[in-house]
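Heads up, the next two complexes both have chain A, just with different partners, chain B and then chain C.
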Partner chain A sequence: MISLIGFSALCLSAFFSITLLIPNSIFKFKIKFFLLFFRLSTFLICISFVSLIVAYVSSDFSNFNVFQNSHSNKPLIYKISGTWGNHEGSILLWLCMISIYGFAYSLISNALDDFKINVLKIQSSLFVIFAFFIIFTSNPFLVNSVKVDEGLGLNPILQDPALAIHPPMLYMGYVGFSLVFSLGMASLFKKSRDTNWIIETKKWAIISWTFLTAGIALGSYWAYYELGWGGWWFWDPVENISLMPWIVGLALVHSLIMIRGEQTIERWIVFLSILCFSLSILGTFLVRSGILTSVHSFASDASRGLFILLIFFLITGFGFLIFLIKSPANKNNLQLLLINKTSALIINNILMIIAMLTILLGTIYPIFIEVLTNTRVSVGGPYFNATVLPILLPGFLLMSIAPVLSWQSNKIKKFRTYVIFFLILSFVVFLHSYFTVFNTWGFIGLILGSWIILASIISIILRFQFLISFNYIKSINSFIAHIGVGIMIIGITFSSVYQKEYNFNISVGQEINLNENILKLENIKIMEEKNYQTLKASFSLKQKNDLIDYILPAKNYYPVSKMITTEAGIYHDWLKDIYITLGAEDNNIWNIKVYINPLVSFIWIGVIIMIFSGLIAIFKR
Partner chain B sequence: MNKVLKFLPLILLITVCIFFLLFIIFEKNPSNPPSALLNKEIPEFSTKSLYNKYVLLSSENIRRNVNLPVNNNAYTNENNIQNKYTIINFFASWCTPCRAEHNLFFEIKNNYQNVFLLGIAHKDNPKDSIKYLNEEGNPYSFVGLDQDGKIALEFGVFGLPETFIINNNGKIIFKHIGPLTKEIIDDEISILF
Partner chain C sequence: MKFQYYFKYIIFLLLFSNVALSNDKLDLKVKKLTLELRCMTCQNQSVYDSDSDFAKDIKNLVNDKFKEGLNEKEIKLFLTERYGEYILFKPYFNIKNVLLWLFPFILLLFSMVFFIKNLKKN
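Moving on, here comes the complex of A and B:
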């Protein structure tokens, strides 16, 4: 029953969206009715999605999708998250969000009616394309042909709080770029020359980018404690394809800032909007078609892959084609001086695009090679570290001086203050590196990261007002974001360069010396949880006989899917993480891996700061 | 030049899409990668016996089907028969799926007389391997060591366990990644002998 409601709502909503696509020459909607139809369609698709959630929560196994991906004794939160923990449901979520973004735009935007209608038309055509994809190849409302009382269960590795909200966050980001795409496309068709759309694009690009950041960070945090490999970024193809729209989105946000200097490059902005959304679709295509194997590739299916490839080709192809035909003219020439804000932003944009192309090349190169020569190659961390990092370095260098630059001239404001502080800081960093273990990458990362932080802090101090108001925070917002990046760079550098890995064989009661700490295996217990069995080891971490904390790595056994997952035990400290995973057992002797990851917390702090400043930027005009 | 640059995104898009299309049409399955070594001669290698470090086995022995040593006995005559197939199985004591397929090798050993079962202990401590084989039983005609993983590299081993079958001309005629199952032996391997 609930499946029937969901499916009818889906079809009806697609129908309403199709009626919106009738060309103006045949029938011209009044703006009132147009908006009404659009909102009705949004309302219906939300009903459709909610009914799928209801089917999951009530464990309605007459729905084939629920039967395949749920189990009646899962905790409630994983029943809900199970809705998007599979291909069909996640695409329905994607579709729902396309519509919600359009809905939000129709409420907030103060654009002219014609422009608004054009944006929403493009948004609904995207909606219709994806709705057809769902209806014809991945319907979540199929009825189960046999009567069953129990489902097959959700992949245990996905049963995790961070992963419950990771897909919606990520999709909010990916799909947000659909609105950016629509705005860019609509701007090509507009006749008037106002630049209001750039301000709107900026707002939506920042919203999407912020969500995407949060989504990627959640996924990465999950990989850190759930996969038990001791790291948080593996240059896995699936991570790479989420990074590509993120980088282009970042370039887009930065090139939109140029409107503040009254220098607009509409052509470039539209180009980036198209690129950004098409990379989001490419990500979906590569993951869903099963071309790339990972935890994300649910049951793959050639027809689905073909369909998404077609969607990707059509949307990107049309986007670029219209862009070619109706390319906007650049009104005023850019003021490119040797070193001013505009040229810094443009160089940064170029670097980001090159970085994105490098990642793209590394990600799809194996596919090219396999098609051409039928051999399998894999491109991993070493390639990306060796190519992407050097590209980003000059970008970081520019970031450290960016706040000082001016729009109009080559002059640098408060030149002397900066130089003095830079020299002092560099000296301190140099001394630090000299007296600890020297490592080139460690040194470069530390000095760039701290430069960026320093430059931003000085800029904030120079603008300090005694009255801290929201407006003040808004005016220093970009510096806050840059501080976040600086902190993150330091965290990334230290956690990757100075990571230490140990292997121990240990039995209950034994102690290990780890530098200044003592690690003792206290006990190992087997406990029954609601839908799994867990084997938990308890380590006590002591420093000079003072107990600091317990570290609890575990292995979980899920009887429904007969799978074992490892759960790393992590002791968080501001300065270092002690990270333990349980290995095999032999005669009561346990093999454990201990990683000491310095400054990992800085990465998450940096990300949180970036997200915070993204949220502030939304309210900024 | 400017014109070419304008069309560049479209050209790139079309090329990328064509490759993806070809990839999907030929249904490349990532979990079952093609082997460059299939139908080729086995790579050169030489390995020491797990039980006796003075007993060596090299690819030459397998290729020519001569002087195949059996565990700690250097040479036995019974092994020098023509028409002998060799199964090479990469395993390790730390590899759980290896335990799952282990019993099947006893079956192969009992059912097919003209098979030489070569087990290669991959990146494993010899003590652990011996212990593992004592616990699970030793179906292998010969157990070779590959402590630094060089032999596995030569064979392009993807992940443990991995099994190769070599015919009496020294050519690799079958390869399987992951644990063997009864179905694979019945459907794919038995027809080879």
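Moving on, here comes the complex of A and C:
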């Protein structure tokens, strides 16, 4: 019953969206009715999605999708998150968000009616395309042909709080770029020369980018403690794919700043808007089709790949075609000087695009080689570290001073202060690497990260106002964001370059010395949880004789899917993480891996600062 | 107390952040190489990070080969003959992969030239 409601709502909503696409020459909607229809469509698709959630929560196994991905004894939160833990449901979520973004736009935007209608029309056509995709190839409302009492269960590694909200966050980011795409496309059709759309694009691009950042961070935090590999970023194809729209989105947000210097480079902005959404769809295609080997292949299905590829070519091709035909006149009034803000922003854009293309190449290269020569090759972390990082380095260096550069001239205010501080900092970092063994990446990362932070702080101090107001925070927002990046760079550098790891064979009651700490395996217990069995080891972490904390690594066994997952036990601290994973057991002797990851917390702090700064930027002055 | 601990830790970090580097040389060589090898039975995990049987075998094999006196290149060659290039996370830098390796830097070069040209125009 509930499936029927969901499916009818989906079809009706697609129908309403189709009616919106009727060309003006045949029938012209009044704006009032146009918006009414659009919102009705949003309302219906939300009903459709909610009814799928209800089917999951009530464990309605007459729905084939629920049967395949749920189980009645799962905790409630994973019943809900199971809705988007599979292909069909997640695409429905995607569709729902396309509509919600359009809805939000229709409420917030103060654009002219014609422009607004154009944006919403493009948004509706995207909606219709994906709605057809769902109805014809990935219907989540199919009826189960056999009567069953129990479902097959959700993949255990998805049963995790961070991963429950990771997909919606990520999709809010990906799909947000659909609205940016629509805005960019609509701007090509507009007749007037007003630039209000750039301000709107900026707002929505920042919103999407912020969500995408949060989504990616959640995903990598999940990978950090759930995969138990000791790291948080693996240059996995799916990670790369989410990084590509993220980078282009960042480039877009930065190039949108250029309107402040009254130099619009509309063409470039439209190009990036199209590219951003294209990459989002390409990402979905590569993940869903299962073409790439990745830790995410749990959600893939080869048969639908073709359809998504078609959608990708349709939207991208159409987008770029119109871009070529109708692209706005290029007013070449860029004021490029050796070091002014415009050239800094352009260098930033160029570097980001090259980094993105490199990641794209590395990610799809194995596919090409396999198709062309029928041999399999891998392109993994070492390749990306050797190519993407050197390309981004000058960008990071530039980033430290870019916000204080002037639009019009070559001069930097208080240039000398910056130079002095830079020299002092270099000296300190140099001393540090002199007294420890020199590590190139460690040195570069540390000096870059701390310089970005220092330069931003100097700039904030130089502009300091005693009256702290929202406007003031907004005016130093770019420095805040860059401090976040700096902190993250330091975290990344230390946690990867100075990571230490140990292998121990240990039995219950034994103690290990770990630098200044003592780690003792207190006990190992087997416990029954709601839908899994857990084998939990309890380590006490002591410093001299004071107990600091317990670390609890575990292995969970999920009887429904007959899978074992590892849960790393982590002791968090501002300066380091002590990270333990349980290995194999032999005669009551356990093999454990202990990682000491210095400054991991800096990565998450940096991300949180970046998200915070994104939120600040959304609100109007 | 807490502050003292942090302070000590910072000093420790500053002075001994190289501990990982001064371990046994052979282990380091094995680590460096196995980090660049794909565990063929896992999902996108390196041989070094994996605990699977395959990864253990390869780790032992690499260790033995180093002891036999082979260098990194020879071991890689041996492994690719056995398992194909799929095992290498970092593809060879050769004619076949020239596009993969040079593309980013050529692009960088071109855009630099382009940028400087535009700069001169102003």
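To be clear about the criterion, the second predicted complex is superposed on the first by the 606 of 621 C-alpha atoms of A that agree within 3 Å, B and C clash if a C-alpha of one lies under 4 Å from a C-alpha of the other, contacts with A are read in each partner's own complex, and residues count from 1 in each chain.
In this section, a contact is a pair of C-beta atoms (placed from the backbone, for glycine too) under 8 Å apart; a residue touches a chain by one contact, two chains touch by 3 or more.
What you see is a predicted model, and the numbers here were worked out from it, not measured in a lab.
Enquirer: Put the two structures on top of each other at chain A: do chain B and chain C fit, or clash?
Expert: In the superposition, chain B runs into chain C.
Enquirer: In the superposed arrangement, does A:F320 touch chain B (first), chain C (second), both or neither?
Expert: The answer is first: A:F320 touches chain B but not chain C.
Enquirer: By residue count, is chain A touched more by chain B or by chain C?
Expert: Counting residues of chain A touched by each partner, the higher count goes to C.
Enquirer: Is A:Y502 touching anything from chain B or chain C once the two structures are fitted on A? First, second, both or neither.
Expert: After superposition on chain A, A:Y502 lies in contact with neither partner.
Enquirer: After the superposition on A, what does A:K576 contact: first (chain B), second (chain C), both or neither?
Expert: Once the two structures are laid over each other on A, A:K576 reaches chain C alone.
Enquirer: In the overlaid three-chain picture, which partner chain does A:G362 touch, first (chain B) or second (chain C), both, or neither?
Expert: A:G362 sits against chain C, while chain B stays out of touch.
Enquirer: When the two structures are overlaid on chain A, which partner does A:F312 contact: first (chain B), second (chain C), both, or neither?
Expert: A:F312: touches chain B, not chain C.
Enquirer: Is A:N374 touching the first partner chain B, the second partner chain C, both, or neither of them?
Expert: A:N374: touches chain B, not chain C.
Enquirer: Give one of first, second, both or neither to describe whether A:F15 is in contact with chain B, with chain C, with both, or with none.
Expert: neither
Enquirer: Is A:N515 touching anything from chain B or chain C once the two structures are fitted on A? First, second, both or neither.
Expert: A:N515 contacts chain C only, not chain B.
Enquirer: Once the two complexes are overlaid on A, one stretch of chain B runs into chain C. Is it 25-33, 61-69, 151-159 or 169-177?
Expert: Clashes occur only in 151-159.
Enquirer: If I apply the document's touch criterion, which positions on chain A are contacted by chain B in one structure and by chain C in the other?
Expert: 293, 375-376, 584
Enquirer: Considering the complex alone, what residue numbers of chain C touch chain A?
Expert: My answer: residues 5-6, 8-10, 12-22, 35-36, 38, 43-46, 49, 51, 84-91, 97, 99-101, 103-105, 107-108, 111, 115, 118-119, 121-122.
Enquirer: Across the complex, what residues on chain B touch chain A?
Expert: By the definition above, chain B touches chain A via 6-7, 9-10, 13-14, 16-17, 19-24, 26-28, 30-31, 33-34, 36, 94, 96.
Enquirer: Which residues of chain A touch chain B in their complex?
Expert: Residues 271, 275, 278, 285, 289-293, 302, 305-306, 309, 312-313, 316-317, 320-321, 324, 327, 364, 367-368, 370-371, 374-376, 584 of chain A touch chain B in their complex.
Enquirer: Per the contact definition, I'd like the list of chain A residues that touch chain C in the complex.
Expert: Within the complex, chain A touches chain C at residues 229-231, 234, 236-237, 293-295, 297, 334-338, 343, 346-347, 350, 354, 357-358, 361-362, 365, 375-383, 386-388, 391, 432, 435-437, 439, 442, 494, 498-501, 515-516, 543, 574-576, 583-584, 598.
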